[in-house]
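Chain lettering (A, B, C and D) follows the sequence in which the chains are written, and residue indices restart at 1 in each chain.
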Amino acid sequence: MDDEAESDRDFFDRLAGLYGQQLPFNRVLGIHVTGVDAEGGTMAFAMRQDLIGNVFHRTLHGGVISAVLDAVGGLTASASLVARAAGLPDEKIKAMLARVGTIDLRVDYLRPGRGERFSASGRIMRSGRKVAVVRMEMHAENDLLIAVGTGTYMIG
Amino acid sequence: MDDEAESDRDFFDRLAGLYGQQLPFNRVLGIHVTGVDAEGGTMAFAMRQDLIGNVFHRTLHGGVISAVLDAVGGLTASASLVARAAGLPDEKIKAMLARVGTIDLRVDYLRPGRGERFSASGRIMRSGRKVAVVRMEMHAENDLLIAVGTGTYMIG
Amino acid sequence: MDDEAESDRDFFDRLAGLYGQQLPFNRVLGIHVTGVDAEGGTMAFAMRQDLIGNVFHRTLHGGVISAVLDAVGGLTASASLVARAAGLPDEKIKAMLARVGTIDLRVDYLRPGRGERFSASGRIMRSGRKVAVVRMEMHAENDLLIAVGTGTYMIG
Amino acid sequence: MDDEAESDRDFFDRLAGLYGQQLPFNRVLGIHVTGVDAEGGTMAFAMRQDLIGNVFHRTLHGGVISAVLDAVGGLTASASLVARAAGLPDEKIKAMLARVGTIDLRVDYLRPGRGERFSASGRIMRSGRKVAVVRMEMHAENDLLIAVGTGTYMIG
């Protein structure tokens, strides 16, 4: 692995830590980052009693779905900054990541959130100097698509 | 209070309980229903370490904001069913409420979620036989508007 | 071609006519339906002076893009009704199509609408008894993606 | 009228011309700008055969509604730049307005677009250095609300 690839890997590892264990609400959701590169990120989480939103059908709360999609969208928008982060001192990278924020989010709920494990992924659709647009998906087991979303993120 | 008004009040009380304490994820968010009638509902919740999304600025997670807006939208969509619920036996009302679900949600993040207490409200924009559209707002203290949203809900 | 396939083809041909030449505003936009089956539809249109929205850069008006995406979304939602239309008398099919309407639409503008010819496509994401959700895309020449969208349609 | 007020008025007059008669597709829609100041803008247009989208019910095309809402949102986002434009030479103002563009748009269709005259308005919800968020509404006669929308605009 050359120096550039190593510095990129460090950046992605930092993002995986930040979006997985360091963000308090992501811990509440039980999110683990399962992958991240310049094109986007993936996350996984397990069903728990706490995450239920429909007590009649015992399915995921719509707010859990929107929160995880927003998180994987933010991870993806942050990951698209990898080239800009290269060679920057740690303080500058922190400041850059602190500025990342959601401008708006749309979620389409396609099927009830039923199952034991869920995964979510994001893919960059537009990445400008200031604004990134990301499309997100959430799947239950057996690759069943339960929700899609689109988020616009401030990145500069 | 005449019988009709009393039956409506019972329905709204049931919704306040359902959306406040009975939905597990709403308990995680610390939501209290502070008002509900045929036009919409209001909720409040307090800042907690668990709800932080930006560790640099100690502000609410975007997913907390989207989850609370989805919850107050669902409460508002359910409340619009009050006339339909009148006179129905308990089992039918339960079945009716179990069918309420979010079809899609848009959230616009206007300002960082900073403060000690937050409130959210929903207002019915369209209420058909099958689908309701609700506009939602979230305020921090001093009536500072931090987010707005729009949700489309299945109600029949 | 057996009877069922022929009846389906008749239904799709009717949709191609309706969404292409019979809708007055689609004629203004210059839309041609280039394909339609149970999974979705495709359309094409050419740049014209009338469709310009940014006089500085001579690019498509954002409203042209949203209008075409809404049209291809409506075509796709209508096409998903093919099984329900099978065997129905003409009057019932007309009544069914008259009820199709957009509930809400989101459009993400990814790149300026520059070029001579544009194509748009829709794909069904959710198709229930009452509501369909469609994802749409618009490309300029060379398969350059200029906009994506999502629409929720009343279909019953 | 002092110099500053006069310069602001010139800027708003320029926007009224640009969004009314100078944008080719806005002419197709028949849009007139009926008011504009730093808080937002208003537009009006008349029903015409060309603008029909549902031939069964003779109502406005959903794409006309989305296009007009996008236009009044763009007018509102541009108008929010008035303070930044003050004192700038003409060339700089042109360049500033050429950069204004829609990032994303959501439209909620509340009632069929039936009637002879329609009006649309926009109101600034968030105005940062780079991005503005605008809420829009469209009314038919008698103040009947037929659609609402939200747009995110690049402004810097």
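Here is the rule we use: contacts are C-beta pairs under 8 Å (C-beta built on N, C-alpha and C of every residue); 3 or more make two chains touch, one makes a residue touch a chain.
Everything numeric in this text was worked out from a predicted model, so none of it was measured.
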Shortest contact path, subunit A to subunit C, counted in steps: 1
Touching subunit A and also subunit B, the following chains: C, D
Self-contact between copies subunit C and subunit D, residue sets same or different by half: same
Rounded Å distance, subunit A centre to subunit D centre (Cα mean): 34
Between subunit C and subunit D, centroid-to-centroid distance (C-alpha), Å: 25
In subunit B, residues with contacts to at least two other chains: 103-104, 106, 108, 133, 150, 152
For the subunit A and subunit B complex, residues of the former touching the latter: 18, 22-29, 49-57, 61-64, 66-68, 70-71, 74, 94, 97-98, 101-109, 112
Of all residues in subunit D, those that touch subunit A in their complex: 103-104, 106, 130-131, 133, 150, 152, 154, 156
Contacting residues of subunit B [partner subunit D, same complex]: 106, 108, 110-111, 125-126, 133, 135, 145, 148, 150, 152
